[in-house]
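Before we start, here is the structure in question, set down as structure tokens.
Residue numbering begins at 1 within each chain, and the chains themselves are lettered A, B, C and D in the order written.
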Amino acid sequence: MLQRSVFWSALAGRAVQAVVVAVVVGIISFAMMQALPGDSAYRIAAGRYGYDMMDAASADQVRTELGLDQPVVVQLVSWLGSLAQFDLGKSSVSGSPIAEELKTQMGYSLLLAGAGLLVSLLIAIPVGIMAGLKPGGWFDRFSLAASIFFRAIPAFAIGVVLMLGFAVHTKLLPVAGFKGPEYLVLPALTLGLGLAAVSSRVIRDAVSEAMSAEWRLFSRTKGLSSKLTLSRHVLRNAALPVVAYVGVQLAFLIEGVVIIESVFAWPGIGHALVHAIFGRDVPMVQGTALALGLMYVVLNLIVDLTCHGIDPRRSKTA
Amino acid sequence: MFKPLSIAILAASLFASPIAFSADKTSVKISAPWEINSYDPAVSGFAFHRLQVMETLVDADTKGVLIPGLATEWSATEDGMSWTLTVREGVKFHNGTTMTAEFVAKSLITALAKPGMLKKAPIKSIEAKDGKILIQMEKPFSALPALLTHNTTVISAPASIDAEGNAVAAIGTGPFTVDTFTPPQGLSLKRNDDYWGDKALLESASYLATSRAETRALIAESGDADLVFNLDPSGFAHLKDVDSVTAMADAIPRVVSLKLNASHKFLDDARARQALSMAINRQGIATAITRFPEASATQLFPPVLSEWHDKDLKPLTNDVEAAKKLLADLGWKAGDDGVLTRDGERFKLLLRTFPDRPELPLIATALQDQWGEIGVELEVSVSSYSEIPKGHKDGSLEVALFARNYGLTPDPIGTTLADFGKGGGDWGAMGWDNATVIDALDKISQTSDASVRSENIATVVKAVHDELPLIPVVWYQHTVSVAKDLKGYVVDPLERNYGLSKVSWGK
Amino acid sequence: MSNQAILATLPVERRFPIWRVLGIVLLLFLAVCAVMGPDLIGVDPFKQSLMHTLQSPSAEHWLGTDHLGRDMLARLLSGAQLSLSLAALSVLTAAIPGTILGIVAAWRGGWTERGLTLFADAVLALPGLLLVLMLAAISPGSWWALYVGLSLTLWVEYFRYTRQRARVVLSEPSVESSRLLGFGPMHVVRRHLIPEIGPGLLTIAAFGAATAVTAVAALGFVSVGIRPPTAEWGVMMTQLLPYWREAPFLIFQPVICLVITVLALHLSVGGRKL
Amino acid sequence: MTGPNITIAVEDLVVHAGSKKLLGPISFELPAGNALVIMGETGAGKSLLAQAILGTLPDGLSAEGIIHLNGERIDQLSSQQRSAFWGREVAILPQEPWRALDPLMIAQSQVRESHRYVAGLSRKAAKQATATDFQTLDLTGAEKRLPSALSGGMAQRVAFAAATAADAPVLIADEPTKGLDAERSHTVIELLAKVPREGGTLLAITHEASVAKHLGGELLVLKSGDLVERGATKQVLAQPTADYTRELLDAEPQVWPTTPTTEAGEMLLEVKDVAVSRGERTLLQGFDLTLLAGERIAIAGPSGVGKTSLLDVLAGLQIPSAGTVTRSNQVSSTGIQKLYQDPPAAFPARVALGKSLKDVARLHGEDWSKVLAYLSRLGIDESLLKRRPDEVSGGELQRISIARALTAKPAILLADEPTSRLDPITQRETLAMIADIAAEKGIAVVLVTHDAVIADKWADRRVVLSEFPKRQY
């Protein structure tokens, strides 16, 4: 009973957020695209035809074709109008339906983001727990130093080093592309290392806080081994702030994806977004931003529900 | 949500990798920076043509000599006002449809309606007649067959386009057919066993657009791709030492040059432009940035464009003192901070360039320093390349740095006409209308007489060299990394064709 | 078990940990570097020498030269100026509104809190990258656009942290007691909230400084950002990437500088929890 | 030295913090079936004794001396090694059970895991044993509740079941009745008293003589870490020899002298027909009270009856769900001050006490010397003001908070169980001071307490709240 009501209220809250996000993101991205300097007809022509072929004539042709000389308001209203009918329009640059482009690119990005998140947790959880069990110990200090290092080094540098180590020298994995599951490993690892740099610290803090709680000591003195105490009590309590943090991290995850997609020639949405901004592909930018926003909302819903799952106190009060 | 999927993938990847790396000697893998956004030949024709999915009516060999392609022969009427091309018989599109003159005409008309090379020719109409293509001109244009080698004129099947005119497939006639297409990075190809000419030696090929040069170099080294194009100088230097690949560089008719607004009040005197040219340390740029010291430009057209390159021309030099003197003659005096001033105005210019070719911002930064030496303050704006044609059109452009390909077609007249013809061109002269040059270019474009051509070409070359509406900086080198065991690969200096159908694996 | 009573009778030792001293010394050192910049060594960070590129460290160029033959040390020092001020500015402009709104949300509760939280969530949902890229594109080559964009995305972190912690602090009897004693909101902020959440905020800020610089690097990677020939650590990382093979020590120099900065911030904060 | 029956034997146990001696030397032997009660005021080092035996001393403290547990010498063993005894050889009852239970785990699971993993029962047997525990401990209905939904007494019993699941022969209980009201503390004492009766060994630490009396056995009295008296509990309690023991016994509320009644002044606060609710639950209804200057009123009643909420209503911190609270214009906006149950929570945690006090003095235009005078009267040394709230003892802090309240020149002082976490001596002193000062300054005091004896002895008037009929859920 309670569980179900929690589920629906969380869902309803996020549904409201989704609509807000859709409208806000659409308008903001549209407004900002309009504010960009430069003539969008030129940019679109450049995006389409490449520098050997684009010139003023092709720009003029693009302008007429896409109706870029229409008033701004008309363009926005028509976008919102088609959005209400779940139509995202067509890309100005490639001409293909945006929904279709997003479908492929989003799939690849989700795969990369998911794998990156998984890798980050695979790294951060053991490291964070180890560090949190002995705050101030040598492992804690070492992992802090490592965190700072991985936070300060740009993702592309990590990517290049990994490519060199795993693909060029040892030939264990392919460098770039997306032809099979093995192509996912390096980009996911690159992404995961960057994410783990921060999340391992969050886990460490949560664990060290749980470790100093009185119930932790009681669990030990009532006779449970330190392992059982960790697995039955500490981790569950520590998971709460960690899961909540993952919610925030998701936003940064989406951005990390951009660089990594570029380095590893991964056909994802972040890479597409950058091109769309440069190419002044307004419908594409709006569509991408919208998709990313909604993805964030959905993932946050999952985080919410996970928190409720971990913490029975919430269900009682909700 | 991700977990089960990702775990499965990770697990799979651990087992899958050895298989994926087993030698697959019936296929060739290519990597290059260019993304393929669409099926539309106007947008992605370059890729479909290079990868031999689509073909042009006229072809060119590696020396730039025109040879029959989908047209077996072509000729112009005496007055040059009409061209007739005979369409090759027995050619089938990948979907099985036979290529007819009607289809070819339709394809060309579509291409003409979109931005592309055909626009450069004064074409009045295109029609199919008795299995031949008839092209009516508004005025004589001798380079039309050369234009028809360009990748925006590739012939695609009618089924490539849907009822609304959108390109929905890439159905060509080439030795390879599209197997899968994952825009914008991936394309995989299968051999076309019905090909009209020599069939491809390998069964399949795949293409991966990799925008980062660093990644491409690593891909070449690891063997993930057998043919890797456009290497960065650093990566190229490294690959020369890697045993498993051959790193090749070939001069191509692409030139990194500065476009100056000759109507700008600082630049309207040819001496000012000469001074700026003299301030450039081309040798340094060619050595340190592009890493081909022999390719520092001595004139606009590189030796590879043998018809347009004049060996006897006095090379452009680097002489800072002479440059300073020229500017002093023009009334410029050094101010307190070393920047020249005249009539209370500082000699300050804005250079526009773009990052798509990574060396351009570097060259711009070097120029900033070198022009600083003679007291010219250069601000650099790295943005979209579309800013250059736009700045040309609205007159706001001062200086632009870009790489111009004069070998888009075997005969560069189309390009030069656009660049130095009346009113200048988006990627050519600006505010520099030289009547002699315009006249000479017209003559070149209309004649087929070799001596008339070379005489007028010399006129154009000399005028451009003396007055410097464009200041050449370095000539381009086309860099390729080829896997050692890959046989039959030949560099195409026109960047038209990867020649995949002729490559094979051997020892 | 209660040891508080017994520990309370022990003399209080306010040791200032050596690590914090080290962190503060490092910060001061960085500040000196940033203020004095290349004047410190008297080398022009923009002077190119195309015949002497990618050189290893030598007596003439202590840290070697970059791809255009410029002195790396001079560029790092010049970069310190821009990178550190960029980091500081973006962190401040994110932290101040983020913290204030966090406190307001926790204080007012109800619809104010719900509204602000929804707003923060919506901002997070708007891809920060999009915001930064577009701002950078609106004003190409200027770095204020970069940090405004960064701040706009980074404030949410401060907001969330502050709101969550402030809710706990504000519900404590000590706050109630201060209100009963007649203190106003400013006192509660100064004596209760700031001491309690300040160290956590500083830790976020320390990581935020790294975010700001690596974000510039990331933007440089997609060719957006600061105009040449400006030296900035993030830009340098991007520019030196192509030469990682020939001169790997070069790309690591700005990275190490950033590592030192973040480390110094962490140490001087005293390694409080996030 | 260690006979077959001796479960705990301690010889010359000393606990040091660096060079400072905190406890000892102490020696005792505790045979099976017996109880040992350790008594002393807060800070006397009672908890350290238990921690030294268990190996849970905080960092920086070290123990010397010989310790035997169930015939095995354990003082040389590391904390890690000693942890093998926990729960199996020696059961440990935590001080504040509420905080000792995992907030995310339902009650029965916390007991069941002890049966399962400590006692080593099968899954089924553990389930059975847990059910039995809940029945015998009168916890039926609480099985699936989270600790936050348990009362203090229930939590203590859950903790008891969890700690003793493996039937360890020794039980160590550190201040088991802290914070519990009379009725609930009685249940817990009963539970403990049963241990020696059933052949187990009990080591109990307490500051309440009444607890010691119930548990019987042997008694050690500690003062500042030194052993001042020992003997059979009954004997010692009946005829204490050491002055300190006598003092401790005198501090029991039962033997307090009645505080002299003060003359009441004019009316400060009038409460009419007030109803108080928490959430949807109504706690109180139709409550009337008139508060006169200089008057001491005690509000007593069991936990959860709404005493704290009522106090908040009086303070104007909470709006009553019905009725009116009228302040006379004698009472300024800061004229009502409050003392809190948990003194460290009442001060800004990271600010030195002196700074906090100076803030108050400045705000109320009071001379710093006057604040110092209050402090010295309350027996607080000025040097303590450099410390932060968590660096002084609870008793000291509560006195500092009285000084802080006085600085605001209140007309009414509301005290919410201000001494329930203090030991009896401190409790008596603190309450006496409040009464003194209130009388002198004509301050009306409302004391909330769960201890009817204190209410009786200390207040001019007492109001006893009884439980409002609970709604059926």
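Odds and ends about this structure:
By definition in this document, a contact is a pair of C-beta atoms (placed from the backbone, for glycine too) under 8 Å apart; a residue touches a chain by one contact, two chains touch by 3 or more.
Bear in mind that the values here come from a model prediction, so they are computed numbers and not experimental data.
Chain pair with the highest count of contacting C-beta pairs: A-B.
Of all the chains, the one whose CA centre sits at the greatest distance from that of chain D is B.
Taking the mean of each chain's C-alpha atoms, the chain closest to the overall C-alpha centroid is A.
Rounded to a whole number, the gap between the C-alpha centres of chain B and chain C is 44 angstrom.
Here the CA centre of chain B is 85 Å from the CA centre of chain D. Rounded to whole angstrom, the centroid-to-centroid distance between chain A and chain D, based on C-alpha atoms, equals 50 Å.
Residue positions 156, 160, 217, 262, 278 of chain A are each in touch with at least two other chains.
Counting partner chains per residue, chain D has residues 56, 94 touching two or more of them. The set of chain C residues touching two or more other chains comprises 1, 140, 241, 244. Chain contact summary for the complex, chain B toward chain C: residues 213-214, 217, 232-235, 237-238, 281, 284-285, 287-289, 355, 358, 361-362, 364-366, 368-370, 379-383. Residues of chain C that touch chain A in their complex: 1, 118, 121-122, 124-131, 133-135, 137-140, 153, 156-157, 160, 207, 210-211, 213-214, 217-218, 221-222, 234, 237-238, 241, 244, 251, 255, 258-259, 261-263, 266, 271, 273-274.
By the touch rule above, chain A contacts chain C in their complex via residues 16-17, 20-21, 24-25, 28-29, 32-33, 35-37, 144-145, 148-149, 151-157, 160, 198, 201-202, 205, 208-209, 217, 248, 251-252, 254-255, 258-259, 262, 270, 273-274, 277-278, 285, 288-289, 292-294, 296-297, 300. Of all residues in chain C, only 46-48, 50-51, 53, 67-69, 140-141, 223, 227-229, 241-246 touch chain B in the complex they form. Chain contact summary for the complex, chain A toward chain D: residues 213-215, 217-226, 228, 232-233, 236-237, 240, 310-313, 316.
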